[in-house]
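Each of the next two complexes has subunit A plus one other chain: subunit B in the first, subunit C in the second.
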Partner chain A sequence: MTRKNYYLTTDGLLKRKENTVYFLNKDSKRPIPINKIYSIYAYGALSISSQVLNLLSREGIPVHFFNRYGFYTGSFYLRETLLSGDIIIKQAEHVLDNERRMELAKSFVRGAALNMKRVLGYYGLENGISDTLSDLESSGSITEVMNVEARIRSDYYSAIDGILPEGFRIERRTRRPPENMTNAMISFGNSLLYSTVITELYNTQLNPTISYLHEPFARRYSLALDLSEIFKPTIIDRMIISLIKKRAIKVEDFEHGMNQCLLNDSGKRKFLAEYDRRLGKTVKHRELGRKVSYRRLIRLEAYKLIKHLIGQKRYEPFVMWW
Partner chain B sequence: MSMISGLEGNPAVRGLQINYYFICRTKLWFFSHNIQMERESELVKLGRLLHEESYSREKKELIIDDLIAADFVKRKDCLEVHEVKKSNTMEEAHRFQLIYYLFYLKHVKGIENLKGFIDYPALKKRTEVSLNDEDVEELKNVIKDIDGIIRGPPPAPQRKPICRSCAYFELCWI
Partner chain C sequence: MYLLIVYDVGVERVNRVKSYLRTELHWVQNSVFEGEVTGSQFKRIEMNLKRIIDEDRDSVVIYSFRSESAFKRNVLGVEKSPLDVIL
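Showing the complex of A and B:
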């Protein structure tokens, strides 16, 4: 795939001249040919003209907006022709039928947990994920499933703390606002991943608002939350651990305030560059016999869900195999 | 209307569905349920480009009732209906797509004096297709069959050489 993600970290303006979009900020004017854009992530204040929006929607290019803390605030995307009434009906049917919903909700938690296990295994860390995971089967409600997930995640974070240097330990997960550096990176990374999943879902017939693990009213694109769970360990957590351990990210890359900590501009730039590199990294896919990028793995997950919904093949969550 | 007796009781079928029926039933099912991949498929783009470049002068698309989209038509002493294809490996599929067009134009639209051609610009080849009773009989069966396939569960994919270049490759084999 030749299209790339563009991450705009400064304030600026998007302008259109024929089939080229220009990003103008106070220091420069950068041309971005329209057929080179996969999606745009806007972290600064961004002004966009309607001409640009028309072009972007014609080409099916989403723009994801984040506030200055790096939290997702919304997306621009014009839905094109990829609509299928059948799929939407099947999606809804699988929420309304509790047994079917639980099956999918559990699959997402199981996938997330097994990927967490792989991350810990990679660093030679002991863990009790399999034990806790056995409680999943007996869970009868979404709340219980969520509780199992929360217990696994909290054990997982404390295990990870065992290999993180002083100052970078998670201690406990804090979100809004994150209270320390690693929490800040987790929040930033999860928002980023969530938007990436939205882009992938928009390229399928799946309706992103109909979800199974998360309540469909939890957030606008709650299906993206469901799928993010599976990829957080593989894409975001591994990346954070590696950035810290390699000392690629340092104390100076954060803004430290009272009870809150956020990535600053240099931190964001480092994080985004590494994220993009990882999304583009490829692995040989065993079933497909082809090389696929991490980003593509997300799309494939959406395809697997479609096949499950139409009754073609039971959904098995992605678990890192390398 | 006695003229459309051949299609009576049968649903509206799109030309591409006839084509896919001969190529792959999984593809037929996905396509018919609006599970389409077109936005990204480079091959589809390539095909479109091929059309535009090879026949820009004569190009006059024929779209009827949203079912038929012949690539171009020429009015001579008769009406020539052309389908443009990349290669002749799917000969049967192409032929029946065109037979369906001819049948539809004749029996539903009442147009007489039709000629059908499949053009392979890359091979500098052109094949003429005409309606005969045997094909029409088969066409009716095909249409009935398509209806049954679409109403049923999605057919399991079968590995074939064309899978490699099919837009549904990942969806099928993941």
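Showing the complex of A and C:
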């Protein structure tokens, strides 16, 4: 990965000078080589000029914005350069035809569930995921599929609680705002992953708004939601468990308020550093026979989906094989 | 591939070399840049540098390593430009 993600957690200004990008904050002025940027995640208050956006769009670099709480607010999604009317039509066909849509929706849930099972299996935790998963085949509507997914996820979170120390237990999934520390990390991590998936989808011909498991909502890149389901357990959940168990993240890394809990500056930095490290981690890919990074795995998932849509190869969701 | 580029060029061209390298690699200190590149990026950098410098008078030295782990980086004194991605 010669191009890196940059995470701007401090308040500052993004500027264009001599055809490259400068990040200025109150302590420093840092030039960032334009050819070294893959995407930018902005967590602080960022001032940005149209000149820099022009440069970024020329180089195909998206910027993702998050609010003060670390929730995703939007992206500078570039002018599409990989356009394919054919793929869009095929994508739509697979939504309009209920049978085909169900097939894909079920694949996403199955992929997510099997990855959750791998995570639990790694820690030797008992789980009923396979039993619940058998209900998936008989479900006939998207709502039923979503219900199966929700049941699996709640079992999964309560199983994880079994290995988390007092104080870090999830108890109940809460969001907007998250009510405890682990919930805060899950929310933060999921938004982060969602934007990473958007970056990968940008680099394919797929239209990110046409989705299968999630309703193709307006104003949302719902295909990115579909794909992030599969990767949440492998990337985010394993990372959270390991941060807690290694005591890398502590109570001081959170901002506790009335009925809400959020990562503070030091917490965000630790989380982002670990996330970035994990995205760059490589595993040997069985079919390709070479090493691929986690980030690349997401792109490959999009390619698999394209192959399915054009009828070349049936889509099989990614399931952690290591 | 990991590159380390040091240059000593005439004062008229020093700014052009610097601003070009700023788009490709990380600035380390005066006249020194480093960073991870692919094979094609390496070729491009070489070509563009040749175009900027005066080959009869200037000198640019490019050290290339198989990867970042092929060498150790020790800084004495002040680290002028840390390479971290979280700012």
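Observations
As a convention for this text, the second predicted complex is superposed on the first by the 319 of 322 C-alpha atoms of A that agree within 3 Å, B and C clash if a C-alpha of one lies under 4 Å from a C-alpha of the other, contacts with A are read in each partner's own complex, and residues count from 1 in each chain.
The rule is short, and it goes like this: a residue touches a chain if its C-beta (ideal position, glycine included) is under 8 Å from a C-beta of that chain, and two chains touch if they have at least 3 such contacts.
Computed from a predicted structure; not experimentally measured.
Once the two complexes are laid over each other on the shared chain, residue contacts for A:L300 go to subunit B alone; subunit C is not touched.
When the two complexes are overlaid on their common chain A, residue A:S139 makes contact with neither subunit B nor subunit C. In the superposition on chain A, A:G60 makes contact with subunit B only, not with subunit C.
In the overlay built on the shared chain, the residue A:I310 is in contact with subunit B alone; subunit C does not reach it. In the overlay built on the shared chain, the residue A:T20 is in contact with subunit C alone; subunit B does not reach it.
Contact with subunit C, but none with subunit B, is seen for A:K36 once the two complexes are overlaid on the shared chain. Legend: residue contacts after superposition of the two complexes on their common chain; A:R269 is shown touching subunit C, with no touch to subunit B.
Of the two partner chains, subunit B is the only one touched by A:L288; subunit C is not. By the touch criterion defined above, A:S84 lies against subunit B but remains apart from subunit C after alignment on the C-alpha atoms of chain A. Contacts from subunit A toward subunit B in the complex involve residues 60, 80-87, 203, 205, 287-288, 299-300, 303-304, 306-307, 310-312. The touching residues of subunit B, counted against subunit A in their complex, run 33-36, 38-40, 153-154, 156, 169-171, 173-174.
Of all the residues in subunit C, the ones that touch subunit A in their complex are 19, 22-27, 35-38, 41, 81, 85-87. Put simply, subunit A touches subunit C in their complex at residues 1-2, 4-10, 12, 18-20, 23, 25, 30-31, 33-36, 269, 272-273, 276.
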